[in-house]
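Shared between the two complexes below is chain A, which pairs with chain B and chain C, respectively.
After this line comes the complex of A and B, so read on.
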C-alpha cells in the first residue's frame, strides 16, 4: 500500500494523469470511432447531466425527487418552441430553458419545504406525471403541438470552429452535437463540483444527515434547499434542451419526459454512485453501453443473455431493462456506493491519499476573522472523507414515521 | 342530477380500486416506514398468475385465491430478501430498490405477456349486459357494486385485524416503536414480513378487480392505479388506513365529477392532473395528509 500526502507532487501528478486520460478519451471518440459510438457517447453525456442534476438534490441533499423528467421536458420544449416557432438560434434557448426550469424548480421546492421524505417524493411524482399530460392537453396545443410533437429543431448550418474543422452532413452534425454535449457536461460538472465542495455543499450534507440538527446549528435550510432544487432543475433542463437538438424532435412520446425518465436518471445515479461527483458520468456511460449491447443480444437471441432471457424466461424482444434491473438490485447489495464507490474501495487498497491533518497549522498573522478560518480548515477535510446517502446510520428501518 | 349520480357512481367504483391499493401502501408504511413503489407491479404479476391458473382450467375464484397466496409469498420474500437488509442502510436504499423492482417486474411482464394475444380475464362478478340495477335513474352494474363491496369488506377485515387480534396489536406495537417492541418480545421480523405479505395479497386482489373491470390483464394494468393510490395514501395520511379508503373514494369521485362537468377543460385527459393538483394544495396546509399524524423528530 502506498501512502500519498494530499497536495504533494505525486498527488498532483496522479491528478494530471487522470485529466490527460479523460481528455484523450474525449478526443478519441469523435475522431477515431464510428458515428454510432459517437451517438452513444452523446446520449450518455446527456444522461450524465440529468443524473448529475438529480445527484445534487437526491445524493447530496437527500431530497427524493421523481419529477426531474418534467424539468428535462421543460428544457426540451423550451428549445423546441423557441427554435421552431420563433426562429431562435439553438444556443440561446439553453439559457432560457435553464431560467424557466430554475423558476419552476424554485416554486415547487418552496411549498415542498414543509414536506418531508415520502410526502415530498409524492409531490415530485405528481409533477413528473403531470408534465406529459399537460403537453398532450388540447388547451395547450397552440404551444406544444399536442401529441404530434415539434420537429425541425436541430442546427441547419453548423458553425465552423478552428479546432474541429469543417463539419458537414449527418456525420458532421453528430460530431458537432457531441462537442456541444461535452461542453455542457464540463460546465455542469464544474458547477456541481463548485457547489458540493463549498459551504453550500456542506449545508446540503448536513440537511441530508439530520435536517433538524442542521437547522438548529444555523444552516439556512429554506434558502439552501430551494436554491439547490432550482439549480438542479436548471441543469436537468439543459440536458433536455440538448436532447431536443440531438433528436431534432420534441414529443410527448419521448420516454425521458415521462416518469420512466425520472426513474432512468435515478438508476443511472445509483449505478454510478450517489453523492459522488463522477458517479453520474460513469453510471451514464455504463448504462448506455450496457443498454446497447443487451439490446443487440436480445435481438439475436444469442449468448448467455439471449439463452437465459429468451429461451428460459420466455422474454420476447429486448431484455435490456430486465437485465439492468437485476444488475442494479445486485449492486445495491454488492456495491452499495455504485461503480465509483467500488473502484474507490479497490483503489484504496493500493493507494491511500492522506488528507491534510485536521488541525494543520494556520498562519495566524494573516487571519482576518476566526469564523472564516474554521471554514477553511473544514474544507481541507471534505475531499478525503467518504460521504454517502446509502450509509446513513441515523435513519433505521423500523423507525416509526 | 342524473349526470351527477352517474359520475358519482363511476367515481366510487374507480375510487374503490385506488382505495385497495392505497390500503396496501398504508399497511407497508405503518409496518416498515417505506413506500412500496412496486406495489402495483407486484399486483400485476399476481394477476398474471391468476390468469395463468384460470387458463389451465382452475375456476376463477380459486385462481384468485392462488394469486393472492402468490402475492402473499412474493411480499414476504421481498421484505425478507431485499427490504430488510437494505433498510439497515437507509430509507433511500429501500426506495431505490422498490423502484428497481417496479422496473424489473414491469420489464418481465411486458417481455412475457406484452405482445398479442391479450390475456383475457372475466370479472369476478356477474357481468352480462343485463346485470345491473337502476338507482336514481342511473345504471349501477353488478361488477362495480361488487368492487365497492369487496373494498368495504377488506377495510372491515383489516380494521378487525389491526384492532382485535394479537397480530394486529403486535403490528401496532412495531409501528409505534420497533426497538421497544423487540425488547418486549414481539417477533418483529415476522410482523414486518407479515405486513408486506398482507399488503401484496391486497395488491393482488386489487389488480384482479381492475383486470376484471377492463376485461384483460395487461403489463401496464396498475401503473395509473398506483399513481392514484399513492396520491390517495398521501392525501389520507400515510399511517391512516381509514384515511386511505376515504381519500381513494374522494379522488375517484372528484375526478369523475370534474371530467363530467368540465369536459372542455378537464375531460378524460386532465382528470389525473386535477387529482394531483388537489393533493398538492391539501399537502400545503396539512403536510401529513388529512388524517395522518404529524411526526415529531428528536435530535
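After this line comes the complex of A and C, so read on.
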C-alpha cells in the first residue's frame, strides 16, 4: 500500500493526471465519436446537474425533496416561453430560469423550517405533482400552451464559439449543445464544491447530522436551509433549460418534469454516491450509458440480454427496464455508498492519502496558502474532513482526494 | 483548488456563458435556414394503437380504385392510382437550404435504411405499441422477400425511446449516424416534434409520423415531415355531424377527453362543428393520461347533466375502464341511454374486448379506414389474407389487429420509395419526399373508396377519410354506419 501525504507533490501530480484524463475524455467525445454518443453524454450531463442540485439538499443537508422535477420543469418552460414568445436568445434564459427557480425554491423551503423527514417529503411531493398539472391548466394555456407544449426552442443558427469554430447541421448542433452542457456542468460543480467546502457546507452537514446541536452551536438554520434549497432549485432549473434547448421542445409529456424525473434524479444521486461531489456525475454517466446500451440490446434481442430473456426465459419484448432495475438493485448491495464510494474503497487498497494533521502548520512549499485554508486549520478542521453519513465510514472525507 | 480559485474559475465560466448568451443568432455561418415553423404549438399526445377494424359491407375491390391507370401495388394487391406523381401538381422540395444539398440529391444505392423510434420497453406504452413496430418490421421483410422495391433491399431499425421525447433525439441521431436515409413510422406526437426541426434542417424525409395531430400537415413550414393518421380534429367533426344527423332537432353533448394535446385538438374540432350545427355542449370533463382509476367523478358529473350524446377520448387502457364506469352510471340513472362516440384510438377488438358487454353499441371510426381484419367475412379481402398468413408465420397471431397499423405504415412507405425510385431523378432523399407529397394510393387493407392522397402544399394530410362504425361486443366485430366520409379530403 502506498501512502501519500495530502498536499504533497505526488498528491498534486495525481490530481493533475486525474484532471488531464477528464479533460481528454471530454474533448475526445465530440471529436471522435458519433453525434448519437455525443447526445448520450449531453443527456448524462443534464442529469448530472439535476442530481447535483438534489445532492446539495438531500445528500449534504438531509432535506428530503421529491419535487425537484418541478424545478427542472420551471427551467424548461422559462426557456421555452422566453425563446418562443419573446425571441430571447437561449443563453440569457438560463439566468432567468435560475432566478425564478431560486425564488420558488426559497419559498418552498420555508416549510422546511418546521417540518422534517416524511412530512417535508410530502410538501415537496405536492410541488412535484402540482407542476405538470399547472402547465396543463387551461387558465395558464396562454403561457404554457397547455397540453400541446412549446416547440421551436433551440438555436436557429448555432453561435460561433472561440476554439470550437463554425458548427453546422445536426452534428454541429449536437456538438454545440454538448459544450454548453459541459460548461454548465463545470459551473454547477464549482458552485457545489464551493458551497460544500465553505462554512455554509459545514453548517449543512451539521444540520443534517444533529439539528439541535447545530442550533446550539449557532448555525443559522433558517437562512442556511432556505438559501441552499433556493440554490439547489436554481441549479436544477438550469438543467431544465439545457434540456429544452437540446430537445427543442417543452412538453408536459416529458418524463423529467413529472415525479418520475424526481425519482430518476434521486436514483442517479444514490447510484453515484450521495454527499459526494463526483457522485452525481458518475451516477448520471453510469445511468444514461447503461440505459442506452440496454435499450440497444433490447431492440435487437441479441447478445447476453437477448439470449437470457428472449431465448431462455421466453420473455417477449425488450427487457431493458427490467435488467436496468436488477442492476441498480444489485448496485445497492455491492456499493451501498455509490460508485464513487466503491471506487474509493478499491483505490484505498492501493493508495492512501494521509490528511494533514489538524492544527499542524501547512507546508507552504507544496500548497498555495490562502486565508481560508489557514482559517480552516485554525478552527481545527482540515479541509474536506467533514463527517459524512453517506460516505464510506472508514474514511473521514466525503470527497476523493 | 482553493475556494478563491474556484470562485475565479466559476466567474470565468459564467462570463463565457454570457458570451454564449450573446451568440450571434444571425450568423449566416451557422446552420442553414430550415424554414422552421413558428416557435409555438408543440404537441404532446399519445398515439394509441391505430388499430383497424371495421366490417366491409361492400365487395372486396380488385384494383384501380383511384383515378387514372392501375399499376401493381407494393403488396401486389393494393390499388394505385397515378403511377408516378399521384394527385400532386408536380410539387418539388427545395433543397437549396439543406445543410448538405448534394446529399439530399445523391442517388441511394443498395439497401435503403429506414430509421424509426418507439416504445419497446419502459411501461404500458411498450405493451400498446410494440406490436405496431413488429407489424412494420414484418412488412419490410415481406417487401424484401417479394422484391417490392426493385434493385433495392429495405431495412428498418426501430430504436427504443420508451415513449419519452427526451430520449428520441438520441435514438434518431443514432439511426442517422448509422446511415438511415429516411425516418418513418415514429410513434408519438411529442417524440416526432422533438426531431422534426433537425430532420427538416438535414433534409431527411420524415414520413408517416404516427400521430393524428394536425401539426404534421404543415407543408410550407416543414416540407420534409408528413403525418400518417386521420387528424383528430377532423375525426371529432365527423362525430359532430353524425350527431346532427341523428338529432335533427338539436342535441345535448358531453365531452370527456384525455388531458393532453390529442384530447385538446379533438375537443376543439367538436366545439367548432357543434357551434355551427346547434349542438349544446353541457359538460366538459378531462382525465390525466397517467390515470388508471375509473373516472367516477367525471362521469358522475356527466350523468347529472344527462346529455343525449357523450364523445370520449380516453387513452389506451383507459378505454375499457371508461366504458365500464359509464355502464355503472347508466345503471344508477335508469332511462339515461346516451349515444356514445369513442376515439378511433380505442377502436380495437383487443381494447374494446376488455370492456365486455359495456362496449356494445358504441360508435367509433378508424384511423385509416381499413376493413375489419378480425372478421372472417373479410378474409378474402385483397391484402387481408396475405397479411394474416404472413403475420401468423412471423408468430404475431396474438397481435393481429394492432400489428396491422405498423404493416400499413410500412406499406405506404415502401410504395413511396417505389415511386421515388421510378421517378426521373431515381431514388434520392429529395425524390422520396417529392413522391410522398404527390401521392395517391389505396393500401391493401383499406376499404374501397378511401384513397391516401397528398398534393404538395395544397394537401399535406395523407389520410382524411374514414367510416363511422358501431361495435358489437358479442361478436367483437364492427358494422358500418352511414356512408364513407370523404368530404375532408381536400384535393
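In this section, the second predicted complex is superposed on the first by the 350 of 401 C-alpha atoms of A that agree within 3 Å, B and C clash if a C-alpha of one lies under 4 Å from a C-alpha of the other, contacts with A are read in each partner's own complex, and residues count from 1 in each chain.
In this text, a residue touches a chain if its C-beta (ideal position, glycine included) is under 8 Å from a C-beta of that chain, and two chains touch if they have at least 3 such contacts.
This structure is a prediction, so every number in the text was calculated from the model and none was measured.
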(Q) Tell me the contact category for A:115 with respect to chain B and chain C: first, second, both or neither. (A) first
Q.
Contacts for A:319 in the overlay, against chain B (first) and chain C (second): which applies, first, second, both or neither?
A. both
Q.
I'd like to know which partner A:139 touches here: chain B for first, chain C for second, both or neither.
A. first
**Q.** Greater residue coverage of chain A in the superposed arrangement, chain B or chain C
**A.** C
Q: Please indicate which partner A:336 is in contact with in the superposed arrangement: first for chain B, second for chain C, both, or neither.
A: first
Q: Kindly classify A:173 by the partners it touches after superposition: chain B alone (first), chain C alone (second), both, or neither?
A: second
Q) When the two structures are overlaid on chain A, which partner does A:270 contact: first (chain B), second (chain C), both, or neither? A) first
Q) Now for A:34: first (chain B), second (chain C), both, or neither, which partner does it touch? A) second
Q: Applying the touch criterion given at the start, work out whether A:184 contacts chain B, chain C, both or neither, answering first, second, both or neither.
A: second
Q. Once the complexes are superposed, what residues of chain A are shared between the chain B interface and the chain C interface?
A. 133, 136, 317, 319, 321-322
**Q.** chain A partner contacts - residues on chain C that touch it in the complex
**A.** 1-4, 6-7, 9-10, 13-14, 16-34, 36-46, 99-100, 120-123, 126-127, 130, 157-160, 162, 164-167, 169-171, 173-174, 176-177, 190, 193-194, 196-198, 201-202, 259-261, 263-265, 288-290
Q) Which bits of chain A are touching chain B when the two form their complex? A) 58, 62, 64, 66, 111, 114-119, 121-123, 125-126, 129-130, 133-134, 136-139, 210-213, 216, 263, 266-267, 270, 274, 309, 313-317, 319, 321-322, 324-326, 328-329, 332-333, 336, 389-392, 395-401
Q. For chain B, which residues count as touching chain A in their complex?
A. 29, 32-35, 82-97, 99-104, 106-108, 111-112, 114-115, 174-179, 188, 192, 227, 230-231, 234, 238-239, 265, 269-270, 272-273, 276-277, 279-280, 283-284, 287-289, 295, 297, 299
Q) Once bound in the complex, which stretches of chain A touch chain C? A) 34-36, 38-40, 43, 83-85, 89-92, 94-95, 133, 136, 145-161, 166-170, 172-174, 180, 183-184, 186-187, 190-191, 193-194, 197-198, 243, 246-256, 258, 292, 295-296, 298-299, 317-322, 368, 370, 372-373
